[in-house]
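Here chain A shows up in two complexes: once beside chain B, once beside chain C.
== the complex of A and B ==
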């Protein structure tokens, strides 16, 4: 389309397009700019509604206040632990199942695929799941966080599609050399799948890092909370919704600068790695889309 | 590795005793170098498959347990919608009560409020969040500088990576009485409004934050589809005298139609569960009249008030409506476009 004659109408269109897309960029980024400005501002200026693009009454006292709360760090550490353990479990289960599903000759393969796909169409629902996790005695333990969502069917199908695309001769050669199925998976298939494994690890890690509802349902001891629940309890005061009763959160429900700092500190790791991992996500989505 | 000798000797011992010569079916990795190997079990039987692929089958045990325990057991657990449930008792309930809980929610006026709220929020979300990514993708596609395009994509994908809690926190900061939106309102001479506590504003807030969060990411598949459209089609359209708009209408849009249909089906399938987590984070008793949806209602009924059977009955209804939606969307798409999800 670059070859078209650049008519006047086209140049006008390009101008309008530039304006619209600039608007999109501003609207997307402005909330972050505002939060940064608020987090460094003096509370008086925030309450007076004077903070938008730049901090007013610049200070880092609020940061010092938030990082001095030991519960914040306990919850942050929980998020890291939950993310690492959950991702590890999810990767093992997903890889094993996806590898088996990728073997087209396997008897019962269609059935195994439908076991997974059916859960996408019909889900058991919140209440039976809640009753189940409670009756298994997982409440208030890490297992309530890492087990109920251990396999994402979308990720499973992405991995299956990738394994199906691997050349078969390598596996056949390995079998002739006397490797069994486990050896082939571990020594031949996985080393060839580094790209898709990296993508899957990121998919899972981000979703576990961001998750809050599972923790909200199954954890009610403050020192088990992930940092998302810490933040949720801070903002819950602002909606007037039922507060889960964290000590700092109740005092500071009104303090906008504390909310802003906590948002900043929670979102920072995501913003820091985002530029480097973004392309893996895009390629993962493509891979999934090809399969459907 | 340790299991290898065992399986080999097993294969040895069966050799010569079997009556059928079985070549591995196409797609099989030959397990042994000996092509003329014989086996006892007939090909195609379970016994044969298990003997040949038991190592593969062993890999599915843990994932299958996951699906059975955490996906299929809760599906069966839905029977508590028709049974009396006691906390601490069986997860499948104690005794049959028939359709008592179904009748109960059908005659519950709150249920019908949350039902229509769900339809309205889902409908509005679909109305905006389905077409806007197409528009944005078309606009991005017209950006000629590659670096600029990549920058724009990176920025617009960003909100997708944020936790729902962070999105909700950002929304509240934006809408706070001292926040930027109210600053604008006041600059135009208006009165600062606590939007988050106004039922009449909830739908606007919900849908615009949904747009903010999802539209950029939603362009990915369309942008990919756009690059696959054959340049010759545009060439031919130009030869026929088509201007830019007609090229978009006759070449670009048909080119991305399969993608659009697939995404529409996916959106319809999740219609009933629209933004439940976000509603839970953003709503409050003041906004219940417009904000409360089926899932938040059954969450309060079940988890907070411990009426498990009642909540399960509502949840089952919701899930069934979801199934009907996704199955019929898939059916329609197969009929009209020729492709579906399955």
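== the complex of A and C ==
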């Protein structure tokens, strides 16, 4: 960086690098661009395989059609509610747990860590888990989505590492000035942890937004389903030719562009959140990694 | 998908042994005759009679939610069921995408609804050992319409194929009066006419036609095929194999009944199976059949066919209307296609098609329900009586359909279904809940055909004239055998599928057939088929 003159080899390397990375970008972006193009295209061009980068037979009718399905909006609203509530609960629990674990003088700390890690390696299995959630009376309610997955052990460990990296003196000083434990956490530690908090919020929010399996397990009414299940069902309906062949009435598939439109509408909000959180994101997620 | 679900079910089974066994096993099942479970039941319920519970009753039912017609609580279907039968159905809504998975979970955890429809044989077998579902064959006396139709349509042999080692069956199947063949080939008749070719009626004629087309269009593959994922050659292998008297593609089963020998033979090693492969090899070798046919996505196959780059493809009635005709006529304006009667082979004018459909399982805990008898009567009425079947398919006379003196059904003007009343403001499935795959399937020939187009009727008339291939005798495994068989089946199936493709695509020469059969031996083919024949002999001895 001292001189601006770069060696020839370095420039060649950069050139090749740029080409390869552009290739990677195209490969990654293409499916997405294709979906956008499809969502605006006329169905018969899609079926004929003519849609690549740009829409053909441009129309927004499909958007109007999907948007006019009340079930889509009901499920969409559910997704938003589940994501917000679940992320809030997850953040509170994860932060508290991680903060406690970051205190080296805590007795039984190793035990507490192992309790968390144990669940990362072993799980009760699908059916026992279902029986448990069901006996707790959580099925068919938002709590079945929100509570069983409230703490992600991976996120917990990342956060713990971050808290451990904060200078101890700071907290001691705060204690001397008369703050109790919660005050320290709330007024000193959390304001210093914006990066990791933003990262965790993003991690949790994206995973709750995308998740469908817990909802599928514990919910029995479509009015309660998140939009991911709506979408999954839509796509399955379009491809289940073999089993659906049994009855004429069942094959009536959702059109290819309806799928594309639904995918677009589902991905858009979470995509819109990314740029705003991104500046925290890189520093936040690296934290655990750099610490030796 | 099927695969995962079965595994899922097995997991369920394992867990069930711990979870449910404790509370369920030691209670002896109560006899159906107990007055304790007769609340709401009709005393003299008989075939052809309208069922109406003597008091309002409620049953929960697993409901497969089809994205094309998502469940609505205000469907006329629900209201009318309650009005006619005093039964309120409480649906547990499960998306179509993962129906089997959730069913396995609910049955496995003991939380399943009493009525579990849309179960395809043999997926009910996974639940048999755990004792979570009802051996319905013990309670057929409660179902006069079912018994009546089995006798009238002579369905006993088909029914026997559902029986387990204990001689009972656990699934109430959907039943057809007459077998309904749907899958065949779509052929571009305008191209055939242009070159003076006739519609092929046999596989040999198809070969000649394809060869003639290849001469005219040397750069193209005259035939390409779809339905290759996830089962390679799902439909094509199936219908070619049928013509030679074997089982392939979607229909592949390890054992095939050899009536001459009076026992089962291993399908993948049968000479008939070899002939099937030889035929397809010939098509691929002479570049008449697109080699990608067995592995490409449907989308690609449709594109080739619809853009006029290929002239023959697998089809069913729905694909003709949805997948081919609309796009094809836009891209190739003069194109004409027809669904040809399934081409025939050495076995002659036969069709192989079961008359059983997916069906209903009943949770065993229903026995303890005070409304058990009423529930069985209700299921009998809804799924098996003439009125029930008509109701489930067409809805309410005067509201959704009318029927003339000859028994011809017509939708009312403002109701659409399958494009029969295109442009109408309401839809039979979406707005009323009728012709819902959960309730409506099978039935008398007249009812099944009532929604067919002219084109499909013509196809059916040809197919109906063909003889039905005899039903194979039952050969249910017991629990120990099934466990063993499952261990052998997966590697065998993978091997057969893989080698079948290699032979067809020419990666392995057919002169190595004997070596291939030897390799099958190495994968326990003989032990497997002996197991099947043991089960067959035992069942024959015990249950005639």
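The rule is simple: the second predicted complex is superposed on the first by the 239 of 292 C-alpha atoms of A that agree within 3 Å, B and C clash if a C-alpha of one lies under 4 Å from a C-alpha of the other, contacts with A are read in each partner's own complex, and residues count from 1 in each chain.
By definition in this document, contacts are C-beta pairs under 8 Å (C-beta built on N, C-alpha and C of every residue); 3 or more make two chains touch, one makes a residue touch a chain.
Owing to the predicted nature of the structure, the values given are computational and were not obtained by experimental measurement.
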Partner chain(s) touched by A:71 [first = chain B, second = chain C, both, neither]: second
Partner chain(s) touched by A:126 [first = chain B, second = chain C, both, neither]: both
Touching partner for A:235 - first (chain B), second (chain C), both, neither: both
First, second, both or neither for A:49, with chain B first and chain C second: both
Of chain C and chain B, partner touching more chain A residues: B
Partner chain in contact with A:222 - chain B first, chain C second, else both or neither: second
Touching both chain C and chain B, counted on chain A across the two superposed complexes: 47-49, 125-128, 130-131, 217, 229, 232, 234-235, 239-241
Chain C contact footprint on chain A (complex, rising order): 44, 47-49, 71, 125-128, 130-131, 134, 216-217, 220-222, 225, 229-230, 232-237, 239-243, 245-254
Chain A-touching residues of chain B, taken from the complex the two chains share: 1, 3-4, 7, 24-31, 33, 44, 46, 49, 53, 55-57, 59-60, 62-64, 66-67, 69-78, 80, 85, 91, 136, 139-140, 142-144, 152, 154-159, 161-166, 168-170, 172-174, 176-180, 182-183, 186, 192, 196-197, 212, 216, 220-221, 224, 231, 234, 238, 244, 259, 262, 269, 277, 280-286, 295, 298-299, 302-303, 308, 311-312, 315-316, 318-319, 322-323, 326-327, 341-342
Chain A residues within the chain B interface of the complex: 1-2, 4, 9-10, 13-14, 17, 20-21, 24-25, 27-32, 34-35, 38, 46-49, 51-52, 92-94, 96-97, 99-100, 103-108, 112, 115-117, 119-132, 135, 147-151, 168, 171-172, 175-176, 178, 180-185, 206, 209-213, 217, 228-229, 231-232, 234-235, 238-241, 256, 259-260, 262-263, 266-267, 270, 274-275, 278, 281-282, 285-286, 289, 292
Chain C residues within the chain A interface of the complex: 1-2, 8, 11-12, 15-16, 19, 65-68, 70-71, 92-98, 101-102, 105, 108-111, 120, 182-183, 227, 231, 234, 250, 298-300, 302-303, 306-307, 316-319, 322-323, 326-327, 330-331, 357-358, 417-418, 429, 435-437, 440-441, 451
